[in-house]
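Multiple structures follow.
In the two complexes that follow, chain A is the common piece, with chain B as its partner first and chain C second.
== the complex of A and B ==
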């Protein structure tokens, strides 16, 4: 496995690149799309030798444990659901943010850093057949809460 | 050893079909399409069937006079179908499993290609070559 620092540096540079080229103030859709394609492809490799998933909850649990472990080297600290398609994943030491600040400083730059991961989760779930919208919120750096809203027909 | 290998996407559209004998290609398209029904049945019946709920390998789907059809589903709902000749009785279950594992491995490589668009058919040379080798019976 490669050193995690490579991902951190590359990710920081991608964020900087997108920030310099965005025309509107809050246009982070290209970051989200990069995350989406990455997630879509990585899940194909990750689930190669995995037994079939029984239901949606098991897929989300897989994201919280093995997927997060493979990408960030740790598991999700807290998972909550309302059993109606809304899942909240809490990561208390989000790797992309823990070098920026601790506490309530620099909260306005946080969206730049969690958008890629939102896309990553959305892409992975899309490839597994779960169509959803992923958002995130940060109240205290570096703890991030990812909200997954599944489109139930 | 296989006579035809097919990869079918999530929406049941064919992503890749390759046959040893180009004259029989249409015939194999039909056979694979029919086999898809059996795949769907196995996937949905898993709630009631005992055991093997977690298996990706579906085993022998269909058997005609001259051909046997095997299936495999990935977690991302991609289906692999391999057609072999019934006369070839030396093909063991384990060998077919190995073929599917290799197929899955090369497929994962194709998907990870940054220039690959998930909605288009597979046109990778490496994938083609692995499939040709598999049909010829080499490792």
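== the complex of A and C ==
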């Protein structure tokens, strides 16, 4: 079974590749697409034998606990919702950022490192029937808040 | 948050996540870069950058010392493949001079779920692995050359990587020091 270090290094290389290629400052769409494709496919494998989710909140809780634990080795530290489709997931020690800086240094590179995960979450939720937009914000490294806004028709 | 132990096997998840991410990366590369040869080169370069950093993790975790000879190196590469890819390759087909060997894998995990379309037969899908081997060896002063002899994606029975030692790199003395 593969080691997490190998995946972290691969992720870093992908980030570097996208950074080198981007023509506009904020064009991280390919990172998001790669994350989305992965999330969409992996969630099928992960939840194959899982009992059916009762509702949207159960799905988000699954992402916060089992999913995050399997992918990042820990659970989400804090989950908030307004019960109207907006969820905020806080990870205080986000693995992709914890080797870069602590505090307010290097905040401008944080988007490069959380965009893949935003796509991963969006893809996973999409294949579970929850269509949403996922963004993130970082105020203090390495703590990240992922904002999931579910499209309610 | 609930504290029950997860039913998901983290190692297996990481392995599949790696495979899927690698696949998505290759797809993106093919979209960005038309030429299949350039994609192969890009994959090898990324692998090299990974290898250069992976070797440190390997040395720290395995506690390995210096290799006595190239056979020793081949065993370490075998161990690393087991550690990082989760598969146990075999070493075979040593050249008479002992500077070339084959790493044979019955199952290449990064090609799980992958099929190569006819239009992209020139793509060396697992080229990153060659770069990883080259990068990590260079960090321990060995210049090696690697290539695929057999590739399961192209219809062969196994995946075989040939590794050849080109030369030992000497530390260059900075100017002004003797």
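Observations on the structure shown:
Throughout what follows, the second predicted complex is superposed on the first by the 152 of 153 C-alpha atoms of A that agree within 3 Å, B and C clash if a C-alpha of one lies under 4 Å from a C-alpha of the other, contacts with A are read in each partner's own complex, and residues count from 1 in each chain.
Methods note: a residue touches a chain if its C-beta (ideal position, glycine included) is under 8 Å from a C-beta of that chain, and two chains touch if they have at least 3 such contacts.
No experiment lies behind these values; they were computed from the predicted model shown.
By the touch criterion defined above, A:51 reaches chain B but does not reach chain C. Judged by the touch definition given at the top, the superposed model places A:41 against both chain B and chain C.
In the superposed model, C is the one of chain B and chain C that contacts more residues of chain A. Once the two complexes are laid over each other on the shared chain, residue contacts for A:10 go to chain C alone; chain B is not touched. The residues of chain A shared by its contacts with chain B and with chain C are 37, 41-42, 45, 50.
Those residues of chain B lying in contact with chain A across their complex are 10, 46, 53-56, 73-77, 104-105, 107-108, 111-112, 114, 118. The part of chain C that touches chain A in the complex is made up of residues 1-2, 6-18, 20-25, 27-29, 32, 42, 46, 49-50, 53-54, 57, 83-86, 109, 113.
Those residues of chain A lying in contact with chain C across their complex are 1-7, 9-11, 13-14, 16-17, 21, 30, 33-35, 37-38, 41-42, 45-46, 50, 61, 64-67, 69-71, 73, 75-76, 79.
Contact residues of chain A toward chain B in the complex are 37, 40-45, 47-48, 50-54, 127-129.
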